């Protein structure tokens, strides 16, 4: 009995002590929080400050530089922090729980918006929103408020080495649909020993590159299904009506690649890229963001283009590249008003000033703002040419994916098993992962 | 558990110390409140709430717990953990005991071997996970497969990793136990003409029973709390659909709790409820150990 | 140690020696693997991790250079944080927990009883139970930096440490302390001049156990530290592997090698203490 009383007493003491601590602490908290950022001018409560939680590790250096320049020009402190790759959502979760939470963060799809809606400031009518040239990449919540603004867009497709293609006796114009893509790829495979290269670079299912297939390639069946069904927001279930087409293109990738299907599981994104830059493969499925890396690896911009992904859907000769974005900015609605204003000013400056737009063009390609600079990226040129020729844009249907990382992981598992042993039974597992997995993840997120 | 009665002369020492309580006990007690007591109490409370951060917690009663018991991933992680615990307890303890037994015999190089076997303990779980995932993938590559292709590989991979890591630790404890076996008992057995196995089972094992209990429960709690190695080796992969629900086939409980928290902020409460259930499980195991050790001591 | 009359090794023991020699070599393969792959070009690590580096695959210390500078975060900074956190935490735990244990052992008050039972209780609580809430508390109180996180370690590690110290302090003869007190020593001097020296073996045991725990700990610093600014070695290794698009196994192995070397050096010098510490800790825990 004595022990019990002692234990209870201890708990009460603990509670009261911590309660005391909690009431005192806001005062003590504020100055200490700024201490590590000593190089920035002390935060002035009246002017506010900016804290940007950046999503793209590869753009970290550029953001830091831009932030420093803005601070030097205006005196407003801008802190840019970059989450480690694949850790954005957990970092955002952790940071948002803090007193000094990010004022500007990334919220790239409807599922994310649903999660963070109460944290997203309504951007309708702001000076920043007035700079936009299109509404196509923005996200609106259920009440129609503009919550997230797409600040750049990207396109992906089949990056093609024109020089190698010509060596094999074909031109880009020969590939207009799935049948012609298949014919070219299989012909190259048949003569690969003589040509010295393969059709496709390895479709690595290692976690460093599997998103190219569980995310980007999976966009094809999702896009066509949603187009047929007129889907505009994340559906609770999907039918997988176009999964046979997904299988078509995947079979083509694994049967005409630099390695066997079983080896794919150990292939990384770097392996795949090396296949392409070293001239071992004609085709490399990836996106516009790879441009700088390919040029850096010594490729010639004139020899590069991007083809649409064909998978045997009717009428797909009219398809363009897959264009869209998951790079959307949201302003923290729970930040102080001064901080919100400082953040909006900073965003406006980024998309209007010379320094900002130059950096954006270099890092992100074309941006949907009035003052945008034209980037030199040939893949966007390809996208524009296709659009100009009247082809339809394949939008990013995968932005609707519920609990996206988890859904993709399940698809990758099944896809890897199928690649090692391409039987119908194993393909059924892919379909299950795709369709049932979607329903499951939807119920997890919304249930 | 109760403290021994103290003589009255204690007061000579006790009185003056009492005045110094703020110095002797307050720093630790304050840190203890921050690092343990308060998070524990708050954790119990928040397991009944839906929350992103503690200040926006909304009371939801037993909803979180209901969700936990319907979660196929959690149940799967529980059975994984149980199976893993049983296999690793047996494997580690049997091997560690026999290595310890051999090393306490007269043998050239016993000290070097002991040094080598213990070494893996010094390496952290995350690092171990990455080393072994490279090794397993390197081996499985020859059979055109890889570690996360099949839950069986991941499970046994983790068993091998943990055995490699912990055998040395348990070995040390067994060596200490074996060295404490009274020499005269061994001598007596020798004079009575006992065979090697008779000596082992009738004399040695009963005498090192405390070490065996300690090691068994150490491996048991280690298996239940296993996180770093699990995360770094397979990360719970492969994830597969089973009866309409997704499970991470090689995930153990601690990792399942962690990944539940990261699904979205609506799952923070569910993860905390899982943590409470996990705590109860571990506590029951630990109390069973205390009880068993004590009852043994009484018998002897 | 007693010696038998026949001092020769029996054939059986010789056979065992050979067997264990082979087993020891097998035991070291994983560490050997790290060494050879840290010297190979990334592609060759993927190709066959068991092959020795050859002319083609050998890159010298290029992986080490890459690993040190990889991912916008200098590895040496993580090493420095790891070192500081470990040393400071272990020092705090040893000092304050031995003091508390002595107080609890000598003073029979409600407060010390409460504390004692709470410590016992904390030993059966897994970290998962408190990890999420600890993160919030640590953040509120600014304990999320390498300079303040030792306080969290003191709090979470207090249970086991106090328990181990108590086991020893209870066995100390009171007479010595009484004598000191009669000689006019106050409690502070009694503790530091009389009690603490007698605690030395336990200090070493506890120190070793806590050292191994804090140095290798991943989850606590991962959750508590402000991850956007600070990393420890385990977090850094995980970060290398996790960054997407660039898994460089060669560089990862180099970093792993760098993180293992100091431990092995310490182990070589303090082997006896480490092994004693483990044996002592286990018997009590």
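Labels A, B and C are assigned to the chains in the order they are written; within every chain, residues are numbered from 1.
FYI, contacts are C-beta pairs under 8 Å (C-beta built on N, C-alpha and C of every residue); 3 or more make two chains touch, one makes a residue touch a chain.
The model shown is predicted, which means the values in this text are computed figures rather than measured ones.
Placing every chain at the mean of its C-alpha atoms, the farthest one from chain C is found to be A. Comparing chain pairs A-B and B-C by the number of C-beta pairs in contact, the larger count belongs to B-C. Taking each chain's centre as the mean of its C-alpha atoms, chain A lies 39 Å from chain B. Averaged Cα coordinates give chain B a centre that lies 16 Å from the centre of chain C.
Residue positions of chain A touching 2 or more other chains, listed in rising order: 10, 18, 97, 266. Shared contact sites, meaning residues of chain B that touch two or more other chains, fall at 33-34, 37-38, 53, 137, 141. Shared contact sites, meaning residues of chain C that touch two or more other chains, fall at 115, 118, 136-137, 141. Residue ranges on chain A touching chain C, taken from their complex, read 2-3, 6-7, 9-10, 13, 18, 21-22, 25, 29, 32-33, 36, 57, 60-61, 81-87, 91, 94-95, 97-99, 206-209, 211, 266, 268-271, 274. Across the complex, chain C meets chain A through its residues 42-43, 46, 71-72, 110, 113-115, 117-118, 121, 135-137, 139-142, 145, 227-229, 239, 242-248.
By the touch rule above, chain A contacts chain B in their complex via residues 10-11, 14-15, 17-18, 89-90, 93, 96-97, 115, 260, 262-263, 265-266, 403, 406, 409-410, 413-414, 416-417, 420, 429, 432-433, 436-437, 439-441, 444-445. Touching chain A in their complex are the following residues of chain B: 30, 33-34, 37-38, 41, 52-53, 137, 141, 144-146, 148-149, 237-241, 244-246, 262-266. Put simply, chain C touches chain B in their complex at residues 2, 4, 9-10, 13-14, 16-17, 20-21, 23-24, 27-31, 33-34, 37, 45, 48-50, 92, 96-97, 99-100, 102-104, 106-109, 111-112, 115-116, 118-120, 122-134, 136-138, 141, 143, 151-156, 158-159, 162, 170, 174, 177-178, 181-182, 186-188, 190-191, 212, 215-219, 233-234, 237-238, 241, 249, 252-253, 256, 259-260, 263-264, 267, 271, 274-275, 278-279, 282-283, 285.
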